[in-house]
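Two complexes follow with chain A in common, the first pairing it with chain B and the second with chain C.
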Partner chain A sequence: MDFLFGPFTDNEFLRLSLVATCIVAVTCAIAGAFVVLRGLAFVGDALAHGVVPGVAIALLAGFSGVLGAAIGAAVMMGGVGVVNRRFRLSNDTAIGLLFVGMLALGVIIQSRSESFAGDLTAVLFGEVLGITWSDIAWQVVALVVVAGTAWVCRRPFLLLSFDEGLAATSGFSVRRFANILLAMVALTVVASFQTVGTLLVLGMLVAPAATGALFGRRILTVVAIAAVVGVVSSYVGLLLSYHADLAASASIVLTAVVVFALAASIVEIRRWLEHRRDIHHLHDHPHFHEHVHH
Partner chain B sequence: MSTTDDSPSIVATSLAVGYGHRPVVDGVGFTLFPGQMLVLIGTNGSGKSTLLKTLAGLLVTQGGELSVLGGRPGTQPSRVAYLPQHPVSSHTLPLRVEDVVTMGRFARRGLFGRLNDDDRDAVARSMQRTGASAYAQRPLRDLSGGQQQRAHLAQVLARGAEVLLLDEPTAGLDVAGRRLVADLVEEERARGVTVVMATHELGDAETADAAILLAQRVVAQGSPGEVLTDASLREVFGFTQPH
Partner chain C sequence: MPTVVVTYSALESVVAGIVGDSARVVVLIPNGADPHDFEPSAKDLETMSSAAVVVANGLDLEAGLVDALDQTEASGIPVFHIADHVTLRKGTGDADDPHVWLDPLTLAEAAPALAQEIGGRIGSDLTSAGTEVAKSLGDLSADIDARIKTLESCVIVTGHDSLGYFGARYGCEVVGSIIPGFSTAAEATAKDLTELKTLARAEGVKAIFTELGTPTDVADQLAREVGVDVIELATHVVPAGGGYDEMMIALTDSIVAGLS
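The block that comes next holds the complex of A and B.
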């Protein structure tokens, strides 16, 4: 038992990390469910990288990294919208352009400052073991806002996941609610990057929600499964990180991806067994078999 | 904004439809009263879907006049239901058929209205009518194309609309499914619903009140007998109907 719980009872910093990653896991589960259903993984990735130059400038100029991240995400979202609408380029081209542009800008800013290398590493890979109570308070606020937004907008979000035309003909503005959904994803990214890092936040957005979408049949079930997977991955990842001296945020995200791989394998095995049962059923009922084929 | 039995459901006068500022079809004109049906017939890319999307309010009109239930298209979502061509998301959406059909009621309840017994009854009834109740608890993505189309039809019917805009509703359906769609359309018309249907099936025009033959322009419009002549069919499709 000491192996499982000792690290958390003995170390306050690890307890704080666990609390923070669990809050991030639940926030990512809510936003991630709609990211997976609406197919926004690339946008989520772009937003995660879009915050890098914002944070870099904030740290260089001496203001809040979270504020810098929020500005970076806003520029990213606005830029995608402008390229998409003004130049009639496809959404993924617009996202790809802004994605590499913002990432390159972040690296260039980093390259101009020798002392900044360590900070950038923390931005990219998170600082899960350096979480403070004030970070957690800010993450709780983000969780409440994301959960409230998802609850209020669940109908237009679901309609957008199904068909934009249906959303529009149901009386919901596609542009307004698509932007609200993007803003919700951006807030999730901004609230999560300190914990799991901008390079790995997509893993927490997508992997648990994808596992949820394998088994869940209702949006609430998808979110609930994603939250459980995210929380369990946080715990297992931190434990692995502590005992095996591994990078903490990468361990958490890798655990979430491994959980998805295991869940997908179970689904595949179940399908294979059902297929075999159907084949046996046809062999056991040759008349039915003949009827089917003739 | 409401209409009575005496007032037309849809009036189009010299209507031009298209994308951006580029008209695909112009000169469309028709008047439909409650219970009447208009079929749009034409080849792929002829403008059928563009016209339907304009009637649904998804595209702005490029010219002319268009009134749906006495107002601008798209302004009365709970009274007009639109069936688009097969949504791509159907292949990935993990949600149950029942929940997808329930989405058809969101137009009536908006953001905050609670779904009540009327909504649940409408969902159950529409699934029963389309045969989708047999797989109501299964995820949409696990169904065949025909079963998905029945679920989409149930979603449209669940709205309880006064105008149905159907874009190739028989796509992916077998003979029984096609028969079912024809019966459902007749039932809806009998209760006063106005139907506009894009189709590749010339037979769908048999019970219609009006037809428009499209080929990126209006080849002919009027009663089905006036529109589906040997000359017009040969012009659009290169063949005529067997007599």
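The block that comes next holds the complex of A and C.
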């Protein structure tokens, strides 16, 4: 028992890390379900890196890193929209352009500043072991907003995810809801980057939701499975970091990906067993066989 | 006038003291930037390629400059690595500690060889200047020692393992660091942080000292749990209008203030 709970009862910093990563896991489960279903992983990753110059400028100018990240994400989304609409370039080209542009800008600001308080490592990998209650308060607000948005817009979001054509004919603005969905993903990234960092936040967004999508047919099931996977990964990851002396945020994300791999293996084995049973079934019924040949 | 390029700002005034009026000293890494993270620009490479001598710390402190320094050396410009000319100490592992400049006496060991190297390249005899600089570093060290002696005990927790030479010279015990290791590029682990917390409490540490590249939120959280303050140390930053001496005195005073 001490092995499982001791680290958290003895250390406030680990309790705070666990609370924060669990909140982030649930937020990421909600946004991640739509990211996986609508295929937004690339734009999610781009948003995560688009916040880097915003954070760098915020730390330089002395305002909140969360605010800087939000500005970075807004610029990123606006830029993608402009390139996409004005120049008839495909969406992923627009995203790619903004992605590398913002990331390069972030590195330049960071490397040429003479008194950069935080450093790039902390932004890229997060400071999951340095969570404060005010960080958690922010994350709760983000969770409520993301959950509320997803609930209110669940029908349009689902239509967008499965059939954009049908979505257009069913009488609501595809572009508006696509933008709301993107903003929701952006908010999730901004709220989450402090824990696992901008480089690894995509893992929390995609891996648990992908696991959910393996098993769930309904969006609510996908979100629920994703939330459980995310929370379990956070706990196991922090425990690994404690007992095996591993980098904390990387342990959490790696656990989430390993859980997906295990879940995918189970699905694959089950499929194989079913397939074999069907073949046996065929051999056990010669009449059926004859039928087929005639 | 010939140029001597030094990689980071802490070394500037020391090298300037050796060359005097016979060469211009140019600093590559902006004062206050993390030498572990610095990537040179094209302009920086040009500056290096037109130097008489390039002075670097060595031991991969300038991690992003390693290739550029190799290239410079290959093109026939001598690169003087301070770490090659001083008595090195090892950390907890087997690696040599690159933070040699944080002890003036260790740095002074390199002064004569540095004076000879630069003097040979620019064609003037800098031997006496080298001796002079080594002597003034000795005076600085005595000053630091006197200030540290005012403390009852000097027990230190740092951001990364930067104060090994300083601690060994002035009798300060470095009980641990938030990111154990010589580089700021690593990430904290829950295990290290827990052990550090326990150690800091057991040793009665009075402050958590952070440097450039320390994850600030993690340091704040650790300090809250131990019940002490976080004090930022200028281990890689030369104060405005000052040089190496002023940096080391400011560093010493921050430690003394934090532990009093």
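Following the convention adopted for this analysis, the second predicted complex is superposed on the first by the 286 of 294 C-alpha atoms of A that agree within 3 Å, B and C clash if a C-alpha of one lies under 4 Å from a C-alpha of the other, contacts with A are read in each partner's own complex, and residues count from 1 in each chain.
The criterion applied here is as follows: a contact is a pair of C-beta atoms (placed from the backbone, for glycine too) under 8 Å apart; a residue touches a chain by one contact, two chains touch by 3 or more.
Quick caveat, the model's predicted, so the values are computed rather than measured.
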Inset, instruction - Kindly say whether there is room for both chain B and chain C on chain A in the superposition, answering fit or clash. - result: fit
Inset, instruction - Counting touched residues of chain A, say whether chain B or chain C comes out ahead. - result: C
Inset, instruction - Applying the touch criterion given at the start, work out whether A:Thr121 contacts chain B, chain C, both or neither, answering first, second, both or neither. - result: second
Inset, instruction - Have a look at where A:Asp10 lands relative to chain B and chain C in the superposition and call it first, second, both or neither. - result: second
Inset, instruction - Could you say whether A:Ala213 touches chain B, chain C, both of them, or neither, answering first, second, both or neither? - result: first
Inset, instruction - Examine A:Gly130 and indicate which partner it touches, taking first as chain B and second as chain C; both and neither are also allowed. - result: second
Inset, instruction - Determine how wide the angle is at the CA centre of chain A between the CA centres of chain C and chain B, giving a multiple of 10 degrees. - result: 150
Inset, instruction - Have a look at where A:Ser192 lands relative to chain B and chain C in the superposition and call it first, second, both or neither. - result: neither
Inset, instruction - Look at A:Cys153 in the shared chain and tell me whether it touches chain B only, chain C only, both, or neither; answer first, second, both or neither. - result: first
Legend entry - Touching partner for A:Gly165 - first (chain B), second (chain C), both, neither: first
Legend entry - Minimum C-alpha separation between chain B and chain C after superposing on chain A, in Å: 37
Inset, instruction - Go through chain A and flag every residue that touches chain B in one model and chain C in the other. - result: none
Inset, instruction - Mind listing the chain C positions that touch chain A in their complex? - result: 30-34, 37-39, 184-194, 197, 212-213, 215-222, 224-225, 237
Legend entry - Partner chain C, residues of chain A touching it in the complex: 7, 10-14, 16-17, 110-122, 125, 127, 129-132, 135, 194, 238, 241-250
Legend entry - In the complex with chain B, residue positions of chain A that touch it: 37, 39, 152-153, 155-156, 158-159, 161-163, 165-166, 168-172, 213-214, 216-219, 222
Inset, instruction - Enumerate the contact residues on chain B facing chain A in the complex. - result: 53, 56-58, 74, 77-78, 80-82, 84, 87, 89, 92-96, 99-100, 103, 106-107, 109-112, 137, 139, 155
